[in-house]
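Two complexes follow with subunit A in common, the first pairing it with subunit B and the second with subunit C.
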Partner chain A sequence: MAMIDRRDFVKLVGAGSVGAGAGFMLAETIKHPVEHLIPYPVPPEEFSQGIATWYNTVCSMCSAGCGISVRTLEGRAKKIEGNPSHPVNQGRLCALGQAGLQVLYNPDRLTAPMLRTGERGDGAFVQTTWEEGLAEAANRLSSLRASGQVDRVCFLAGGVRGHVGRLFERFMAELGSDRLLNCDFGHAQTLYTASELFFGERQLPYYDLENTRYVLSFGADFLGGWLSPVHHSLGFGRSRQGRSGVRGRFVQIEPRMSLSGAAADEWIPARPGTEGILALGIARHIVEEGGYAGADRAAWAESLAGYTTERVAEQTGIESATIVRLAEAFAGTRPSLAIGGGAVGNHTNGVDALVAVNALNYLAGNIGQTGGLVFNPVPAFGPTARAGQSGYRALLELAEDARQGRIEVLILNATNPVFAMPAAAAFEQALAEIPFIVSLSSFMDETTALADLILPSHTYLESWGDDTPEPGVGFTVAAIAQPVVAPLYNTRATADIILGLAQELGLGDALPWASAEEYIKASWREIYERAPPDAATRSFDEFWRSVLKAGIWGEETRREAAAFTVDASVIARVGVAAPEFSGSSDEYPFVLHPYSSHALHDGRAANLPWMQELPDPMTSVVYGSWVELNPATAEELELREGDLVEVQSAHGAVTVPVFVFPAIRPDVVAVPIGQGHSEYGRYAKNRGVNVLEILAPLVEPTTGSLASSATRVRLVRTGRTARIVKTGGASRQLGRGVVQTTGEGASAGPRATLKGIPITVEPA
Partner chain B sequence: MSFFDDFLAKWREYRKPGYYERFDYAWTMTIDLDRCTGCEACVTACQAENNIPILGEAELAKGREMQWMRIERYWEGEYPDVKLRFIPMLCQHCDAAPCETVCPVSATYHNQDGLNAQVYNRCIGTRSCAVYCPYDVRYFNYTDHQWDKPLDEQLNPDVTVREKGVMEKCTFCIQRIRQAKDSAKDDGRRRVRDGEVQPACVQSCPAEALVFGDRQDPESRVSSMMDNARAYRVLEELNTLPSVVYLKKVDGNAG
Partner chain C sequence: MNVDSSGRDGGGRGADQVGVSIVPTLRLLTPAALILGVGFVGLVLGYWANAAFVPGTTPEQPIDFSHRIHAGDFQIPCLYCHSQARRSPVAGVPSVNKCVGCHNTVASDRPQIREVLQYFANKEPIPWIKVHDLPDFVYFPHKRHVAAGVECQTCHGPVETMDRVTRLAPTKMGLCLDCHKQHGVEHGLDCWTCHK
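Moving on to the complex of A and B:
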């Protein structure tokens, strides 16, 4: 008995005296510590969690339409990476796309259909079943149909593309209403109109950044969040260092330095709204002195006669010498590329300015050229659902109709107009006049909070769908979206909800598909049948399986680079007026520059904790809003970082802390868009301000889209301060040489080593 | 030879540049600053791959960041001739790492692939390594971190979740390196092919600024990148011999 140790004692107690159950419990309480303390950087030999399955689908975080591969283990999505076969992103993916996991696993998702119980906006809802929810919606719709008032049904969808977008169109057509509005607030309409006016094509051109040697970008933050940032970044990287002996140069013109401005060789802060005038000044120089030899030279000379270098210099605040230098570099470097977008399109002269940029490309001979501007061919399976894109004007009309009592039912899908519309448009008040609002949102956003019935849809990672990316890649690609995990909650795919509604309404004959999956498969059968090589060589099932596996299908045909000429009437119309602003410069001395937040996009990503914690690339601020001031302006107003100021426009005010930003014009203040949600879950709610609220309701006259950069503001000190939370340390290098630079032409040179390790060599 | 002499001899050997190149791999990353746009795709890729916690505003306000891969930003000049320079900053996996020599419990050590590895359950949280690190890339868990359910479903099972009191940092995605080695072994290959291992940040980079591989292999992409005359290492004068090599940004106006 003398040699008994503690373990044996426990065993004896367990076996002999107290009984097995109590003994087991005692043994559990005082058992030996775990013996192997090796952590998972070296996993235990016997530990294996199985092989991951990767599903290819389409990213829906912005409108670029990148292909993604989702890593799943045991039915859970673990990571999103780019689909290497997808020509848009080629395996790469931006921060926002990768944060899509947090849409799927967001703790604030809507989990079941709900009916409003209290007053609108109280947030009081009661759960219901899908049967009851769909029946309720169908009742409303069928009673309107019976009374011939079906045009009082409006469907507001947020930039939905592909066959799901087509399904919406068919559903509304069968229902008998033409009020289908497809509007994406992060996607400018002005670009389409500028294309249509100059090129006669209502589509976004493809910018061949990869092969260009000189980029002149007017306000387009194409590396940050504009159109297709991942594809643009790929092109940018390759144009910089992907070709031997050639390094693409790049000039960015914008009032506040964006991510693209930081990447540029030269950043030129022209007066806001005068970028189009600058483009025409450059154009005139190319025509008059740059040796433009086109047959329409005389027409151009006449049209551009007013844009003399001196006058343009005066209007834009850019020195004459700079204008001449830009013109010579742009026309003299082959191929070159001019890109216009972002804030430039959001002025009252937005479309004209973008047309001016198109004209620059034409005069330099970049249309249809490698390294220039290319149009996508029309796919063999027909045009894609995008042309019916509606914008701010359509929303204003909707609001007006609602106020007049001409809207009975509003269906909302993947859109949040209450957040995105300026307060001056009184959109929220107009919604109050609509008797019945159905929201298909996955989240309780500001607009969904006003709904009477919520039929929550799956997230994109649980849904079927497809997409033709825009602006695409210069040839036709179509990508398939498939569920990567089983649905988490009692939600349904948007297409399934619409098909279910169609069933309830007796439209089943016209929309006969039993499910979204069946519908998408049937749609792809059409693609298969219209694409001869596939139909001849393999069965549809083989085709379908290969498409699901690859996630992508494409036609390697490019459009013929036909000689492109511009009609004389188009040339005569080229011209950019001075921009108009809301408010006088005496009363409101600063132009407000609202810009899409890099992480939060147009506000849709504010409910994703990764995106809230992603430091803003230019300022390193996390979790909040701020107003950017030039150091000279801040000094003049005696404002320092963290001083709370009221940013007042003629249409409202927001209170934000000051951030002193070295790269913004002194007469411009900038506020990021994205924060300031009053709903939208725990991570987004009551954080920062929504600058869109205070915008003046000025519009660009051609398209009727909101001129969101045309508001003047003043700053009023509140006397209070707030802490701006930001990461990172010193904002200057202080001679430490962390980021080193070198001149151009230093790519060849000897490599030196120190004890076998290569060391830096300064080029001679 | 006394124990001390023996120790000293080994120590000197270990501190010699190139020591880690005798082994199978010398993992290296090159970062081309002329391609980098500062878009932070790498940052989110790292957060996702390595189960980096969501800290919350209050923690961040205390300066307790946790980004194994972060973007540093430095302004140069004044308006209007102002430039912003980005540099991705991560553990440099120094061959002569100051953090390793200072750890009282050897929680951080160098493995034979040249990786600076952190043994979480050996760490007692003295934070000395963070003080010694000239690159400021070591992050301490001041609290236990929670993932609001069901955000925990996205956690990567290949990577352990760290707890309060433990230092953590970039591992060059050691789990991916191990997986690649395993699959090479399964295929009967002795070595991992160039490009077979890509840490999450390298995989995601939209501008293809990041390249990862074995610098001992003269044919590898990192070797050719390191051959570039623009190659340099950050704070080279400290002689920490980093395994991250940067390529200088080309200043378009300087040339």
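Moving on to the complex of A and C:
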């Protein structure tokens, strides 16, 4: 063997050591990582390791008030499902409800009270304690109280229902200020007013979709996002397939096909804003030729005299034959149901249009009928805060007061007006004039970013509360919301924050409850006491536990189908004016149709990754914003999918890619609401555009709500393009027969062609 | 044909022909190969040393709890403390509360027990380290196995003889399948039985 010299020896020793070290580390890295078994110090009574505990509570992702069951394992919420006992959702749950877990575990949650340090809007905050935070807020409020200026305190809430909403009312009343505003962008204010004007009660009726045979929907995307989509979907499904030998027919009238429009037998794109006129055209036909035999026939005939089929056809762009056909089908099918909402209520004639829809139900004899429009009993806790929502006009007044220096303290809860208000309202600038803003938000949204003090709330899965669903289900129901997990961070339930503030302010006598739980429990004791069978047979604790366990409580309080008659003065007032739009049609040729995103709702879900990646059901687009154009419009403007255009209104512009969408009127362009956040966490921020910014500040005069569908726009090509992220390749069948249809539509064959590609449409 | 000792045949190639030998190259490579070889031997040795001396199958626990004393000497049944095993997928560890239940009075002056009592007084969990751990893609319900009468020791080894619990059996798929085969478990060899 050759001699090894010193150098080689060192090399070999080095190689051996490095090899041994590497081998040792290799074995170490592929070893199973150390995991811990963490026992409870004292386990909860019902707890078993490895066995899930389900807690029933109330979903707060939208305003429908579905019941949910949350699966928890070792103190962590793992999955949300619908509560099968809850009459609203009956065990089902929508995607937004499922994504509630991402609210709880969101990495961008506010985790502790914070005080602003830098300039307002810089985002510079320093953490503080609850004691200091509450004391700071209480100091401001008590000095205003001392100087008799307590009416300069404004509480802007998102329309929280149940006893938490009541607590806000009580707190403000005790404080001595009447400036409690409930503002939720998606709130159907015009619908409530239309109900009040026609039926004399400010609550929504129950739409009995399940038992109806013919639905005529005016703009209400009731399967997509309108009011209570899960309940409506259940009812609609049963009306279609739940009865032997009967298939409910459904006609949708709207300028841009929504998810509901896609499910309809017939989709009728009337001119935007003229849907109410169409309803009255149908109503007139029923009165004059459809054999309406009510005692008030003459009054109706007089009131509707102007809505002749020919005139209505001219105004709405719908053929006379179609109007007559709809009227005969609607009046001739028993029971039938007309519903109105969505964009129809967001025009300058919104309330009148929705009153017209109510009138249609009345004339067809659907009021109080099974399969028609059923009145709800008074909600379990009395009229709800949502019925008393303040609209756009109230916010404008608030902004004006702020500019005049008449607002000293603004308290914000679960509302984001800076995002939801059009730029034309200059709301953000008005907030700058308010010396002290407190936000109770769980997230750093656009409005909270302007706050001076943030007292972060628990998420709904950590809070006590209660709720009565809206719209109701025809009988009295209520549910308790209970925490399903211990709080993740140093946050507090909204009700606890208010109770804490009350304590600091010395209002403890009027608001004596020590915690949100105690307050809710005390409120439910009243319900227990007024329900005799419960009070007689079991103790309050038993009652309370059983309601918590079931996740729902109800009373058999269906209202009698008493004969409902409309006052002659109401009949005389029925009438729908032509809609007004901002901007002339020469300068701004298109009507902008902003619609609530299926996934992101009004933008509140933009911080949830699951919702961001959920494809839009009509376009299959994910993540961004887009503007939908009819193929004919796109061809005329020589625009193709992905071309970036500036959508300009008289009040601003947003730049979005074009999406060519066949199911939209050529004179309408549609942009989804929900994206375009400048704050609100990593998943929401700087993604897409906020179309609400460019809306014209037109209001519906009766309610003062924003006429968000009344803006005209023009499209200006930028010359740039962007790739739209979507799951679908082709949006048409290209003659492959992927979706085959039978029935009256199929035999008609191709009725239109687009660049030589046949498009089959149902006969209009 | 005559072939001489050099391996050349007479008529084919002449001695004057130039051959290409890999020997010089090999000579050049020898030191590198040697270093690599020694390095590889080192690697194997290092790996073995880790597996042999630091196996991680007997982790040091925050409290020197002895199963030999509890389950062996005092004959406390496994399911007394791991009571979830008969009704849950996981056997679970007893709550601190359960330890204190006895040790409030039993041996409460010993330093290790005092530590347990301290955890309880602070309402803190004892951070036990898992000895037997299956990957998340395996569904192993204790409940079914306890119900079928499988002894805990079948998989966990003679825990009642161990002062510090060690993992004897490799928790690999073969162990499961062998046992399922041996006992003729219905659907015991189906993928979906364990990989749900």
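Keep this in mind: the second predicted complex is superposed on the first by the 674 of 764 C-alpha atoms of A that agree within 3 Å, B and C clash if a C-alpha of one lies under 4 Å from a C-alpha of the other, contacts with A are read in each partner's own complex, and residues count from 1 in each chain.
What we mean here is this: a residue touches a chain if its C-beta (ideal position, glycine included) is under 8 Å from a C-beta of that chain, and two chains touch if they have at least 3 such contacts.
This one's a predicted model, so the numbers in the text were calculated from it and none came from an experiment.
Residue contacts after overlaying the shared chain place A:Gly642 against neither subunit B nor subunit C. Number of subunit A residues touched is higher for B, counting subunit B against subunit C. By the document's definition of touching, neither partner reaches A:Gly508: not subunit B, not subunit C. When the shared chain is aligned, subunit C comes close enough to touch A:Ile51, but subunit B does not. In the superposed model, A:Gly368 makes contact with neither subunit B nor subunit C.
In the superposed pair of complexes, A:Gly704 makes contact with neither subunit B nor subunit C. Residues 37-41, 43, 49 of subunit A are contacted both by subunit B in one complex and by subunit C in the other.
Remark: subunit A residues 8, 11-12, 15-28, 31-32, 34-43, 48-51 touch subunit C in the complex. Residue ranges on subunit B touching subunit A, taken from their complex, read 16-18, 21, 32-35, 37-41, 43-45, 47-49, 54-55, 57, 60-61, 65, 67, 70-76, 78-80, 82-87, 117-122, 136, 148-151, 153-160, 171, 174-175, 178, 200, 203-209, 226-236, 241, 245-255.
For subunit A in complex with subunit B, the touching residues are 37-41, 43, 49, 73, 76-82, 89, 91-95, 98-99, 101-102, 104-107, 223-224, 229-230, 233-234, 236-238, 240-242, 247, 249-250, 257, 259-260, 262-263, 265-267, 269, 488, 598-599, 609-610, 613-615, 617-618, 620, 622-624, 630-632, 662-664, 666, 682, 723, 725, 727-733, 736-751, 754-761, 763. Interface of subunit C with subunit A (complex): residues 31, 34-36, 38-51, 54, 56, 59, 84, 87-90, 92-97, 119-120, 123-130, 133, 142.
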